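Below are two complexes that have chain A in common, paired first with chain B and then with chain C.
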Partner chain A sequence: MTIPQSIHTGTLTTTGNVLLKVDNIALGYGEGAAEKRIVDALSFDVGLGEFISIVGPSGVGKTTLLRGLSGLLKPKVGQVVVGGHVVSGPHPDIAVVFQDYSRSLMPWMSTRENVAFPLQGRGAGKAERNKEAEAALEAVGLGGQGDKYPWEMSGGMQQRVAIARALAYNAKVLLMDEPFASVDAQTRFDLEDLVIDLREKLGVTIILVTHDVDEAIYLADKVIVIAEKPATVVDVIETGFGTHRDQVATKADPRFQDARARILTRLRHND
Partner chain B sequence: MTLEMQAPTPTAVKAGRVGSKVNWGLTLQRVLALIIILALWQVAVVVGLLPSITPGVIEVFGAIGAALTMPTFWAALGQTLTAATTGWLISCVVGVTLGLLIGTIRPLDRSTSVVVEFGRAFPTIALMPVVMLMLGATMTMEVTMVVLASVWPVLVQAILGSRRLDPAIVDTVQIFRIPRALWFRRVLLPSAMPFIATGIRISASISILAAVGVEVLTQVPGLGRLITLAQEAQRWDMAFAYLFFAGLFGWGIATLLAWGEKSLLAWNRQSDD
Partner chain C sequence: MKTLTNILWWLWLPVVLVILWWFASAQSTNLFVPPLQKIVESTIRDFGNGLLLTAMATSLVNLVLGLLIAILFGVIFGLIIGETRRLRLILDPFIHFFRSVPQSALVPLIIGAFGIGAEPKIYAVAFACVWPIMLNTIDGTRSVEVGVRQVSRVFGIPKMLYFRRVVLPGAMPQIVAGVRVALPIGIVVMVVSELFASNMGLGFYILNSSSTFRIPETWGGAMLVGVIGYFLVMVFSLFEKRLLSWYFKSAAR
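Moving on to the complex of A and B:
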């Protein structure tokens, strides 16, 4: 069975305005001969306002890729460019929602302080910080809960706080690393719809890394499939659902089913 | 005294929280234990098990009452507490700052680990003659000795505490480009605080011990000096009364700090679950 090889050189992105360009990057740990290369020759473009999912099997190097995109890990080869600037370290245009919300939120800070903290780092005054934080909490459905501490909240609520913190930072690109991996199924659906909703309202560009094929297709405009060792792009699928999705209708859509079959086959093919 | 170099386990703190209502059964048990110990002491004195100069329980209680009415006692107590508190506060500031720096700067950590282990195990009181020579029998000497004795628990605990910063928090702080000074104050310090609090508590007890010890061994005025004077005057009951006050204040401060720790570090109970 042959699978049509999609073009992932980037010049053909549907949205003309490229915000983030991943240009032939290689990522690894260690130096020289001892280097363990995790990601190699990986390229893709993200248009302004686009929602991209990066899907791949567990252990393929998704978290490494995310560290590379966010500037936490410097590429061995190639570069990541955001808004015309090469990413050489954590960048003000890139915010991250980490997988481990319970550990990435600071338990000694109230929810509001957690959300406002990156703004404090930027030198914003207290009144401004609190106003922005409250607005971000409102956007994720936690209005008026700023005085609570993270440990007084459920897992789903904590992840909303982490999303609010990334929103308040007001970056152009939101990177999400398996953000819904450790919540129950219903909470997961709620959070997925929250992200779709936020994207529609705020026009933020999102790159979501996940191992869940259904989630990848449901959320994204474009699914980038990574596989092999070292990891590279093996397929790119445009979902074409527009900005509005529905947990039942979208997942029953033939395009959803087709994309799903194509990705699963592709991933099995690469085992 | 045992120097237990770790933060209290969440379960232990939780168990303590249950006792927010006064637990009369426990209080009764504690009072009973105290009465039994005092009774054994009295019996040992009466039977002649202890040296004849040892005062009985009643004499000591009488002396405690007498001390409370003596202006010299209050003055001495004030001097001891001033020296102990000053030394302790210096230890806290120096220990926390140095400890957090050492714990987070890898080369510094490696190069100072031997010094820290050495200092921690060093019998500080043996340094006193040297410090005396340099500073004389003064308040400054006493405070210096208190600092030398009490800085170690804070330092060691701050180093340990700063090492336990969660990698997820480290990533978060990097991603949101938190400036170094803000990171130190709002992330590193609170994260290490459960460990530091234990060090601060231990260090408070040590600073009282060190202050009294220095006063006993030198001519520096304070509670320890009163103890020596009472011994020289063969007033053993008074000596014991002063000892009792030294212990009482050590205990009082430790209790106060444990209480403060519990209410200030409420987040720590849950975060480790």
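Moving on to the complex of A and C:
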């Protein structure tokens, strides 16, 4: 895969270098008086190479927010800026891994074709596409499985394919919408560690949305807590774990426990 | 062994029916219900002298060309209409109207408008078959998962590629079902179209024999149409299994 090495930051610093800026956005469904406002006055910055978790209860508007960030839903107010450009629609610097892997992979395509499809959309030739797709599959631990179809794979493997597809697109920012919500606990841990690993190796900037507080803290450099109706940022917590994580040790870390208590209290008060 | 049992199980009823028919009709003196033996004899004779083969070839060519035109237009317009909400709302009543018109009744009009020869017959078949194919294609495009659409938008898939690699395959199970519905309609219209201003094809063979009171030939021709229909559906099923293997295999999980 040809992920530019320049993005790789080694030890992560979040100062300066803002890659993505969410500037006071409001999102809603419907127009004018009939509008149902879901997100309001919401702002945050994401540094290059940073891993951000956005945590909030079910139904608060996390998916809506990600649709706003990815250009699928136009903000009513405010703007999303990535790499200096206002996002006004789907953007080549933004890739998305959707919540429901089984509905986002195309059953009529092999996994290789699924992963290569966005590259085909960019006009890449077949040989190049397949090479990139194979590399991306390799990166998510599915090397040599490109000929299989999504429906021949387990849920966890399908989500790996969806991640590979986003990686192959070679975007600067990876948006993930509760990517591990529908797999079993062990697979979930494996996938979490895969994503941490990919971030460390490839230096992609990741924004992951989840309702699971533990997952949010475990993965991120910075946890953004959203709540209220319409949803807005109620807290921001720097975890300070660095790039390395361990399912047991990290979760036993006092900073983890503190962050957990703080977020849970926050969310309880906003019920 | 298993396939042999299957074949036997599948054959016994037709065989019994044919035997019953053979003996029940053997003594028939009713002009319109000739003995089966006579039907078989006349059919074999007309196969031997090439009459039926030419008629079959003519009819099948019309049918296949008509179907291909119907598939081409039905699928292209179905995809476009299915993906365009406005068009769908405006055109839906018209499509249902044309679908509900008895197609055989329109055949004389089409022939009247386009004249004699093969072309109007091909148009008649195409016109009759295009509606179920188009309607199914529209339904098929509607059944494409939202997730898959979102993926295509997020990754900036160009329109043509999106139609070719996402909507078309996603709608394919229903498109194929539409063609399956259109096939027997096409066969009926093919025969009916040859009853007008024609001197070729199976329809003409049937009409001509019946108007000159060669009733065994009339029966033979009609039954041949049935057999052809049966084989076409069989061949189509094989094609369907190959084309939609992803669909059948993923549904089996």
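Following the convention adopted for this analysis, the second predicted complex is superposed on the first by the 257 of 271 C-alpha atoms of A that agree within 3 Å, B and C clash if a C-alpha of one lies under 4 Å from a C-alpha of the other, contacts with A are read in each partner's own complex, and residues count from 1 in each chain.
Following the convention adopted for this analysis, contacts are C-beta pairs under 8 Å (C-beta built on N, C-alpha and C of every residue); 3 or more make two chains touch, one makes a residue touch a chain.
Treat the numbers as computed from the prediction; the structure is a model and nothing was measured.
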item: Joint occupancy of chain A by chain B and chain C, clash or fit; value: clash
item: Which superposed partner A:Leu72 touches (first chain B, second chain C, both, neither); value: both
item: First, second, both or neither for A:Tyr149, with chain B first and chain C second; value: both
item: Chain B versus chain C as contact partner of A:Trp108, first or second or both or neither; value: both
item: Which of chain B and chain C A:Ala95 touches, first, second, both or neither; value: both
item: Doubly contacted chain A residues - partners chain C and chain B; value: 70-72, 90, 92, 94-96, 98, 100, 103-104, 106-109, 117-118, 120-122, 149, 151, 165, 169
item: Chain A partner contacts - residues on chain B that touch it in the complex; value: 166, 168-169, 171-172, 174-179, 182, 186-187, 190-191, 193, 267-268, 270-271
item: Contacting residues of chain A [partner chain C, same complex]; value: 70-72, 90, 92, 94-96, 98, 100, 103-104, 106-109, 117-118, 120-122, 149, 151, 165, 169
item: Parts of chain A lying in touch with chain B, wherever the complex brings them together; value: 70-72, 90, 92, 94-96, 98, 100, 103-104, 106-109, 117-118, 120-122, 149, 151-152, 165, 169
item: Contacting residues of chain C [partner chain A, same complex]; value: 145-148, 150-158, 161, 165-166, 169-170, 172, 246-247, 249-250, 253
